[in-house]
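The same chain A turns up in both complexes below, where it pairs with chain B and then with chain C.
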Partner chain A sequence: MSIDRHRPLSIGISLLITAVLVVLSARSFQVQHRDEVLYPSDGLTRAFPLSEVNPHLAGTAGDTEVYVYEGSAPGGSVLVLGGTHPSEIAGYMAPVLMIETLHVEAGRVFIIPRANASAATHNEPQEAHPQHIVIETAGGSRSFRFGARFTNPVHQWPDPEVYVQPISGTTLAGVEIRNLNRAFPGIADGNLTERVAWAITELIRRESIDVSFDIHESSPEYPVINAIVASEVSQEIASFATISLQLDGWEFSLEPSPPNFHGLSHREWTDHTDTQPILLETANPAMGRLRGPTNAELAVLGQDDQYVKAAAIGAINVPFDEEGISIERRIARDLVAIGAIVEAFNMLNPERAILMGGWPEPAALMEDGLGRYLAPARDGTSPR
Partner chain B sequence: MILTLIYQAIVLLFCVVLVWEVFTEKKFARQLTAVVVLVPMLLRLLMIK
Partner chain C sequence: MLEPHWILLIMLGVFVVCAMLLKVPTGLSLIAASMVGALAGGEGLPLRHLVEGAFTYIDPILIIASAMVFMASLEQSGALGSISRGLLVHLHSRPALLVVGLTVFIMFPGMITGQSTATVLTTGAIAAPVLSACGIPRPKVAAIIAMSAIYGMIAPPISLPTMIMGSGVDMPFTGFDIPLLIATMPLAIGVNLGLARRYLKNIDMEAVLGDLDENHATRHGWRLYLPIVLVALLLIGIRLVPFLAANLGIALVFLIGAAVGTRTGRRFNLFSAARRSIRQALPVMGILVGVGTFIQVMTLVGIRGMLVVTALGLPSLWKYAGVAVMMPLFGAVSAYGSASVLGVPFLLSFLGQDEIVVGSALSLFAGLGDLMPPTALAGMFAAQIVGEPNYFRVLKHTAVPAVITALWAIGMIILANPLAKIIPG
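This part shows the complex of A and B:
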């Protein structure tokens, strides 16, 4: 082989195309590595990186911010975890809305909006998911990343053929080694996902958290949907809350935490801490297998003709009409459930009551839109 | 860490071969084919995607 000296133009064009494509695509991918700016309410008392709990996270893509709101009166404590799976966008946006509106009168509230921060830096191959959703606020548009279910393989690789869950010996598909909600209770110096899981579990132990929430979303055809998942130690507060919610017209099912399915937040927090764990699930058509065109609008508005047809023939597990299930409705469900469960905890533990609020009423949120209650963008629009 | 370095070395080798292909291939269409393969390889080499 020898270089043909008569074709410098085509070589130059080819290398130029390479450079342009690499720069454009690299820029697009790297934007997703930038954390969105959040604007905590003035009720925030302190914030610290999760690496303070597990130093093995320092300097890694798994380190993430913990926001703490402390009331002036003593009381119990709550942890709200969002972004365990950053593709479940309402599970991220509900804690974000809390961070920007929350006030605590008694007790302490810990919020981790980006539990798997690495998973927020990429999105799922072949899912056609958007990189961001955009919410219009009074001060301009704010964009929030639509991440992936799994830790970014740039930060943790390779996956084994079979993932053997280290605590239980449960065998799962290899990719599940990067699933935070299969990694609990975690290992302090394990792989990146296990380090994050250990840090969260240790935070619960160290701060003696009374009630811990892990917020998720799933496809409308998934059987555990519009659900409150509770383990044997949180069944009592979850039962009171479910009845209260149903009396108020909110349809929630109460699901038990499977005792032999290890690695899940609610299972392992039950077995390895003294907290009362709760997992919340809302229905997001952007995650379903039956969905039509996939874009940010679908993730925000939650409207999809295919799911209307699927609901008409009884193929899904939630009501679904032309109005869809908007992100406001999904966030409202999460917040109303958190409120009801904390209220049930307070009723059963009045000496450790947690008094908190500040976020919008569900009807107002759904009527006015999420952007009305998020802080206005103060430094122009978020990067996209 | 060692595994990552070995992986990057393999990807670098592929990148070199593909660039060589761009320089030696006579048909422009085939040069472009090499470019299409080279782009994801470079993104992997730089640990961007």
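This part shows the complex of A and C:
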């Protein structure tokens, strides 16, 4: 048959097409493995890799930078964790803005902007998320990666069908074994995600961190949003902060950390360290299942027609109009919450007060845009 | 730029033209539709999205491929035929019990792996000749296997669709065992007895045994079953002692079983057996690749959101109809995709009803997606193992069971709160 005669040719053509597709697409995937350059403010006193805390992370894709800002006066200490879920872009950009603007007078501030560095290197299939967002600064445009919720399977694979949490024995869907916020308190020489979780928990213990923030975003249809999540040990500072935020006109709800849902940062830090844990959650339509066209503009501007429709029929839990929820508004919420909680901590522990600032006022941030306050790109282009 | 519903129509149009008129393979037709959809959505030809989407189901694809090789190994070594023969010899005088026993037997791998395809290809393939020997026609045998595999996928202790929905709303997978048993066991036994009811008379053993493979167990002894025991131990071992047993992944476990099978019974060439089975599975694996890109583009251009908002906007009574139609339809691409994309928002929208019972019921709808063309994974593989070339003849027999399943699930959602009260624990 003629089919057989042409077979070597059609196999050859198929292989050629495949090779071209692989080479062309591999480039855009590989770019994601390069960390974008951050420009810390001159308040930075030192930086070190997380593998200094857990040597099992050295040379792995889970190793990530810890930025430290120390005041000249003594005081308490704060940890700010971003990028636990790198698809929650404001949860990454809020710590980045802090890194580039922060000044500390008293106490110490630790910032880990890319908590799950491996998860920042890829996107979740089916989500069609952008690979990065672009922010215009005075020195040119800077791009920041929009990552995935889970550790990159290239770095940790295969998943079991079911994830049985090592400490609690709770069973979760298998993919959750790559979810940093199900892996706490972590295992020093466990899988990559567990190693990262252990290193963060150990950092909190080793540095006796007083207040630890874990910054997230979630879809507007998720029940817990615009929330401050606190456990039994952080309930007091969280309540004070929520009240003062509400007096200032900010809508925040205070949610208790579920006592039996293990692996979560606030739950396990409460049970395994002496820190007061806080989780912050803003609403981001780029993460929701109801969203319309998915792209970088959606992640930055937070405007979406489908969510406007959904709000009209009462299908979501936050107010949502044509104005949307911009990344500036989401970052501003995180920063005012961090400010209010540290203030509450200072009020209750004046001898360990943490005095810090430098980041823009919320109104100014929303008015001028994020690019006005990020460091300008140094070479006039995106650093990647 | 076009509205999402127009882009959806264009994508479906391109798919139909390619697949039906031009006879392009289904997987490639889906990719063509995705490319046109992205163009219509003003995204150009987003190579990265197409490739990323294509890799969505890489794990299920590996599992399907390795399960096919494992089954080929069992068949060639003579283990399959010997098990069928043994089951018949021992249970032929009580056909109703035989059907009930086979139902639970078929469901078992689904219950511990949460996978319907692997179930059809393993215990389904073992049970098929036994059911045929009872005189049940091939398409009905395939229907019984497909339905059992779907119920097995949803039944406890491991129900992936339910767990995926749980992840979406941050609900741990605890307390689901009894609701999931209620969702699956009565249906599994009822539906299969219904499908087999006309053939539950005594079986003429003399006539039947002649049709079956010879009994290799007499020559090779217990060693013949070693691959099955090994695979079961490796799969269950991970479950029982997750910290001790290395996580090999289902695919590798099946391949180990296949390799062991070359030395435990009738000798055969594993490579050529593997090649044959991969060739058989290739169209389905291609469809999974195509489906991955199709959904990625649907999300990219906003079709996914449009569908979800439309579903949630349905008035309350219509919402049940919406769930019953949209979740299986979306499940055509994958039961897991349906659980994640539609299951999660629907679960949230039934707020106030016990979410564990509702989640269990919604899993049934997601599972029915495995009967929806073009993929119809359960139906297609079940047709393949019984040797039925046209899987639509199998789907004809699963139609009534599917409707009964949907009604059962709607009943569970309506009665979620009273049910939750009487469920212990």
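Rule of thumb we're sticking to: the second predicted complex is superposed on the first by the 362 of 384 C-alpha atoms of A that agree within 3 Å, B and C clash if a C-alpha of one lies under 4 Å from a C-alpha of the other, contacts with A are read in each partner's own complex, and residues count from 1 in each chain.
Convention: contacts are C-beta pairs under 8 Å (C-beta built on N, C-alpha and C of every residue); 3 or more make two chains touch, one makes a residue touch a chain.
None of the values given here were measured: they were computed from a predicted structure.
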Output check: A:Ile11 vs chain B and chain C. Expected answer is one of first, second, both, neither. What do you get?
first
Is A:Ser25 contacted by the first partner chain B, the second partner chain C, both or neither?
both
Is A:Ser253 in contact with chain B, with chain C, with both, or with neither (first, second, both, neither)?
neither
Answer with first, second, both or neither: which of chain B and chain C does A:Glu176 touch in the superposed model?
second
Look at the residues of chain A and decide whether chain B or chain C touches more of them.
C
Report for A:Ser41: first if it touches chain B alone, second if chain C alone, otherwise both or neither.
neither
In the overlay, answer first, second, both or neither for which of chain B and chain C A:Gln235 touches.
neither
Chain B/chain C common contact set on chain A:
21, 25, 29, 158
Any idea which chain A residues touch chain B in the complex?
1-4, 7, 10-11, 13-15, 17-18, 21-22, 25-26, 29-30, 122, 154, 157-158
In the complex, chain C residues that touch chain A:
1, 4, 41, 47-53, 55-56, 59, 113-115, 158, 160, 163-164, 166-167, 169-170, 172-174, 238-239, 242-243, 247, 249-251, 292, 295-297, 299-302, 304-306, 308-309, 312-313, 337, 341, 344-345, 348-349
Can you check the complex and tell me which residues of chain A touch chain C?
21, 24-25, 28-29, 123, 125-128, 131, 158-162, 164, 166, 170-176, 221-224, 260-261, 288-295, 304, 306, 309-310, 313, 315
Please name which positions on chain B make contact with chain A in the complex.
3-4, 19-20, 22-24, 26, 28, 31-32, 34-35, 38-39, 42-43, 46-49
